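Down below is the structure, laid out as structure tokens.
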Amino acid sequence: MDAIFLQLLNGLDKGGAYALIALGLTLVFGTLGVVNFAHGALFMLGAFCAVTFNKLLSLEKVVVDETQQTAWGTPLEVRTPYIESWFGEFGSFLLNYSVPVSILIAIPVMLLIGIVMERGLIKHFYKRPHADQILVTFGLAIVLQEVIKHYFGANPIPQAAPAAVAGSADIGAWLGLGDGLVYPWWRLVYFGFSAFVIAAVFAFLQFTTYGMVVRAGMRDSETVGLLGINIQKRFTVVFGIAAVVAGLAGVMYTPILPPDYHMGMDFLVLSFVVVVVGGMGSLPGAVLAGFLLGILQSFASMNAVMSIFPGINQIIIYLVAVVILLTMPRGLLGREGVMEE
Amino acid sequence: MKQMLNREPFALAAFSLVILLMPIWLTPFGANYPDLLQKFAIFAIFAMGFNILFGLTGYLSFGHAAFLGVGSYAAVWSFKLFTMNVLPAIVFGVAFAGIFALAIGYVSLRRSGIYFSILTLAFAQMSYNLAYSVLTPITNGETGLQLTLQDPRIIDNAFSTPGAGLPETNLFGIDMSGYPGFYFCAVVLIICFFITRRIFNSPFGLTLRGVKSNQNRMGYTGINTRPYTLAAFVISGMFAGLAGSLLAVTDPLAGAERMQWTASGEVVLMTILGGVGTLVGPMLGAWLIKYLENIFSSFNENTLEHFFSFLPEGLQAIAVDVSSLFVGEGWHLTLGVLFMLIVIFLPGGLMEGWRRLLRRFSGGGGGKSEPAVAVQPAE
Amino acid sequence: MVANSVLHVADVHKSFGGLKALSDVDLNVEEGTTHAIIGPNGAGKSTLLNVCVGRIRPDSGHVVFNGEVLDNHTPFEINQLGVSRVFQTPEIFSDLTLLDNVMIPAFASRDGAFSLRPFSKLRHEAAIREEAEKTLADVGLEVMKDREAASLSRGDKRRLELAMCLIQHPKLLLLDEPTAGMSRHDTNRTVDLLKTIKERGMTKVIIEHDMHVVFSLADKISVLAQGRIIASGTPDEIKGNPKVQEAYLGGAH
Amino acid sequence: MSRLTMTRRGLLKAGAASGVALAAPLSFVRGAYAEDFCNMPTGSSVTLGFNVPQSGPYADEGADELRAYQLATKHLNGEGDGGLLNTFSSKALKGNGILGKKVEFVTGDTQTKSDAARASAKRMIEKDGAIMITGGSSSGVAVAVQGLCQEMGVIFMAGLTHSNDTTGKDKRRYGFRHFFNAYQSGLALGPILADELGKDRTAYHLTADYNWGWTQEESIKDATEGLGWQTANAVRTPLGAGDFSQYLTPVLNSGADVLILNHYGKDMVNSLTQAVQFGMREKQVNGKDFQIVVPLFSRLMAQGAGENIKGILGTTNWNWSLQDEGSKAFVKSFGQEYGFPPSQAAQTCYVQALLYADACERAGTFYPPEVIKALEGFEFDGMGNGETLYRAADHQCFKEVLVVKGNENPQSQFDLLEVVKIVPREQVTYDASIFGGDLGPADAKTC
């Protein structure tokens, strides 16, 4: 029973990540009609916002101590982070909370990246065939990836969660479910965060004219033009929001998955599967599919399940995708006529 | 004049000449060694076959590498179980890929557009994941399926005693490694080109293009599109199987990575890069990507210093520094930049560039004329 | 059921959600005649055609074509039985040439719904090409035969679609506003063309708003209003029918 | 019309050329028979092929390997401080290249994929005339390239490969491995685990679901069960799973008190980071402190796990903090060249390059069968791993194995591992026959 409960938590946590990534992808997909293979790269850039911020905070003052030598024969360098020598307590506090604080940096940075991408490149591809969109965004993804690799290397770079939420929460005690039922604080934070961002995006689309553009654009982009709204501007903002959501997903995921330059590609295929299983042109569909796949993936990895179906954990996501797409022609909540050509 | 160029024998002869002369005209590019020449021929077949599906029907399969992988595994098993002769291996490779494609295509073609793409992707990823792990007894997992001295090889061993080392793949005694391997692949490529050209210029091909253009209209025109698309899917799956078995012929090893989504994505990129729906475009795309992968990745600072040695020292250092970002470990960057440049400036891929060149040289009068081998006659 | 009926629509009902698109529709189209269906916008005319070609299944009732009940037929099967259709918004192969556009339906008529001969040569199909060129000439598009269909004007696209249907020599041709968007000159040409076809004995059902076209072509007219057939008869009978004038002609003209 | 004539003339020209083309490769092949063996060096230089991952997850490791090779090339050619040449027990190398020929090198990208690695190796052999191929960062690649090299008659000096298969069931006459293997990890780690953690333990394995993972799981299981440990469960995880939470939660309530992570690279970084997040390092089970063991450690990869590796036990091939003369010389030489200490991958690759060169010198020829003979059964010292034997039966090096622990108080960003024990060579030596396999013939080939 405990095991099932924990797997449900795992599934919700995974699902939160999947849903966040898929949300931005389906916004761009459904509203702008662009197949964005660079979406994974946006997720990765978000994570590297956190890395960069942390690196900036931990810039060190280097004092060369000529009297001592390292094993490889160079003088010993004594390093102290500037931030601590300048701000003392507050400095170490900031360093400790670098991941959540970098959200504040990631929002404007990702918005800017999104806007530049849309204005500079994507905008010219609205009317082009999907094949061209795939090629150009894939090319862009590779370029972004290689730039990050050039500056940060290929190895994962660890990012610590703030000390206050680094440990595990004793969920068993809260719920009276018995001992040993613990769950990492940070994962609970991540789940809450993803739920909050999803809610915020939905609220934004519900209560602003952007929502109208998005909802109308998902049905028929020509009618949007008739609404007399400056669509160009709205499209840019929609793309920017997609970039921010992907970036935030990346920032907050860093303590769970030490980021590296390739992490975007690792999530790319999965996020496409989530979006399509959810149904083209449906935001709630993408969120639903994210959680569904996350939870099923967790349950399929339980030892009891794997002993009956060996290897099921390897293929569960794809198996579920096949079953859903064959029984529901347009995924869970997809609309007719979107990207069926 | 155009009529003249369109004639089938001419196109075929020109194409054969270009392919068979590759060892010569690729020399200045540093690509004239057997392995890369073989890869050029094999991936041209793969991309050409993929284009029969994607270019003609518009159905974008994101799991075509699965058929490549199945072709390779079937071929290597044929080497292991029966004989080192390449013909049975190719027959098995194509047949198994065809059966696999029939099964996956039958199910996936019940959906269209992105839903179809994701279904094919899902099947291919399942094949890859299983081949890497639980199917290891059949696929030898991560290491890849290889020949061993313990293989039964019943047909070969019935006629001769095995030597001390591993046997080589052969075509009735001719070893299929090195240049003979390339010429064998080249001949297969020429045959594939001939077949593809016939398909492009047949009523069947025209019908497939109709499916791409307006599937809805096809129904009200009395055409059952499903068997047509399925036929295209299976044919292109068999091309992939053929390419896979040729990979095994020139180098008897079959690894699971061949089925990964990145491999499926690669053939999609090759096709788009070269020009979707054109006869030779996908082949050019395949060559460009394979060239970058094999040659650009091999440049290191020594090579660059040598290359820029004509510059004065300071300039040389700068040139080496800048260009080293794009070669060696940075070859992916070149790939990405190239993708973007081509799609931005040459919508329609490399073939579009070729067409523009031609138009410029014929003084703008040529209009829509296409190079001899790429013509899809509109007669 | 009338003896020489080609198309018989029997008691067809169809509703979308709460909206009744067709109720109790009963229609007989006799062989060799041109049967016009008129009615105000939203009367259910296009839905009726959609039911006939298998795009929409009726909730109840049947469509019978040449004695065959079409309940479970897909559109391509219905076309193979001899029903072709021109759509309200032209459904053509926009990125193919005009000639290709017309040759595809010709192959469909000759080779059936599916034929796997991937290696036969298009160049050797002289008979079909000749017929395609002739059909294009019939609709006045032969000079543009190598152009891409997307580059045509709206009126030309309609004529192309008509050619795509004509080359199939259908037993029954369904036309959904074949002259909408055409100039007077083109409309007259199209009417003349349709008259020629009539002389060949092809049965037609035509939906049309242009009363000039209707009265110069139709042998019989049915009036559809709010999903019901309120009158059926010869053009003269319809002209004189007060119910029709009230529901349609009176209001519109 | 002018275009047509042009085409016709071009055609004639091309026709004439095609005859040459068809003949050229054949004469090339025929010419090859005049050589003794594939890529026999005829000029004043000899070319080595360095095949390392330059893209993909192991790109940093590959970059370090390449640095080591470049350093080795320098030292072989008599430039720089000579590095390990000064401490190497064999004195055959004189710093004048190999057999008097200057060492040159070509590089390639394995992408950590068998196909790409083989294509890259073939390019170096067929186009660049490499006489030896070395490098790589995974067992799949090592086995694939080793097989190729056997077919082409070119010696392969493996880089980082830890699977038992490389010198077990997939061993090849032309392939040599300096790096240790999973079985040796088990033999080395077992007794230390018993010392540090006690004999009454229950282990839970998470294993990467492919060949290397399985061989390591089996080796470690054998070793720990031999000590009296129980195995609660061994669960296979997909390669590149990213989030391992669904595999980690069952560990918490399984009754196990040791978690063994048979993961490498990114999988190891992720599963370890997440395991620590699940509170496994603070946990108490059966009245004992819960422990995590990572049987194969790599310092470069451990950086990715950050703080989380502190106190975690594992094995490694070599670490820069070793105090023997060879290690000190190598660290100094490498550090002065690049400004930071070398990784274990760098050390293995450097040593492999030197060992090949030395074998050629001792054999007095580049002829592969003779070089193979010189390497088989070769005993040496002074390369940082103590007394070492290149065993003839399986081409596996037998040398000391390091049991290490994540450093609790690192002095620098490179000071991540602390050597717990240097396990002597005798203790990690095993019978070559247990893994089967067949080396195959040493016959020279032409190419």
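For reference, chains read A, B, C and D in written order, and residue numbers begin at 1 within each chain.
Keep in mind that, in the parts below, a residue touches a chain if its C-beta (ideal position, glycine included) is under 8 Å from a C-beta of that chain, and two chains touch if they have at least 3 such contacts.
Every value quoted in this text rests on a predicted model; they were computed, and no experiment measured them.
Participant: By that same contact rule, can you tell me which chains touch chain A and chain D alike?
Facilitator: Expected: B.
Participant: Per the definition at the top, count C-beta pairs in contact and tell me whether B-D or B-C has more.
Facilitator: Answer by contact count: B-D.
Participant: Which one of the chains is closest to the middle, using the mean of its C-alpha atoms?
Facilitator: B
Participant: Among all chains, whose Cα centre is located farthest from the one for chain C?
Facilitator: Here the answer is chain D, farthest from chain C.
Participant: Taking the mean of the C-alpha atoms as each chain's centre, how many Å separate chain A from chain C?
Facilitator: Here the centre of chain C sits 52 Å away from the centre of chain A.
Participant: Measuring from the mean C-alpha position of chain B to the mean C-alpha position of chain D, what distance in angstrom results?
Facilitator: Taking the mean C-alpha position of each chain, the two centres sit 32 Å apart.
Participant: Between chain C and chain D, what is the separation of their C-alpha centroids in Å?
Facilitator: 73
Participant: Would you mind pulling out the distance in Å between where the CA atoms of chain B average out and where those of chain C do?
Facilitator: Computed value for the inter-centroid distance: 45 Å.
Participant: Tell me, which residues of chain B touch at least two other chains?
Facilitator: If we look for residues of chain B contacting two or more partner chains, we find 129, 132-134, 332.
Participant: Mark out which residues of chain A touch at least two other chains, giving numbers and ranges.
Facilitator: 314
Participant: If you look at chain C, which of its residues touch at least two other chains?
Facilitator: If we look for residues of chain C contacting two or more partner chains, we find none.
Participant: Give the pairs of chains that touch; include all such pairs.
Facilitator: In this structure, the chains touch in these pairs: A-B, A-D, B-C, B-D.
Participant: Which chain B residues qualify as touching chain A in the complex?
Facilitator: Spelled out, the residues of chain B in touch with chain A are 54, 58, 60, 107, 110-115, 117-119, 121-123, 125-126, 129-130, 132-134, 215, 261, 265, 268-269, 272-273, 276, 325, 330, 332-333, 335-340, 342-344, 347.
Participant: Given the complex with chain B, which residues does chain D contribute to the contact?
Facilitator: Listed in rising order, the residues are 1, 3-4, 11, 14-15, 17-18, 20-22, 24-26, 28-29, 54-55, 59, 62-63, 66, 104-109, 113-116, 118-120, 122-124, 126-128, 138-140, 143-144, 147-148, 150-151, 165, 170, 209-212, 236, 238-239, 438, 440-441, 443, 447.
Participant: Give the list of chain A residues in touch with chain B in this complex.
Facilitator: Touching chain B: residues 35, 121, 124, 128-132, 134-136, 138-143, 145-147, 150, 269, 272-273, 276-277, 280, 310-311, 314-315, 318-319, 321-322, 325-326, 329-331, 339-341 of chain A.
Participant: Show which residues of chain A lie in contact with chain D when the two form their complex.
Facilitator: So the residues of chain A in touch with chain D come to 2-3, 6-7, 9-11, 13-14, 17, 70-74, 149, 153-161, 166-168, 180, 182-184, 186-187, 255-258, 260, 262, 266-267, 297-298, 301-303, 306, 313-314.
Participant: If you look only at chain D, which of its residues touch chain A in the complex?
Facilitator: 55-60, 63, 209, 233, 235-238, 240, 242-243, 245-247, 249-250, 252-253, 266, 269-270, 273-274, 277-279, 282, 300-301, 303-308, 320-321, 328, 331-332, 334-336, 339-341, 412
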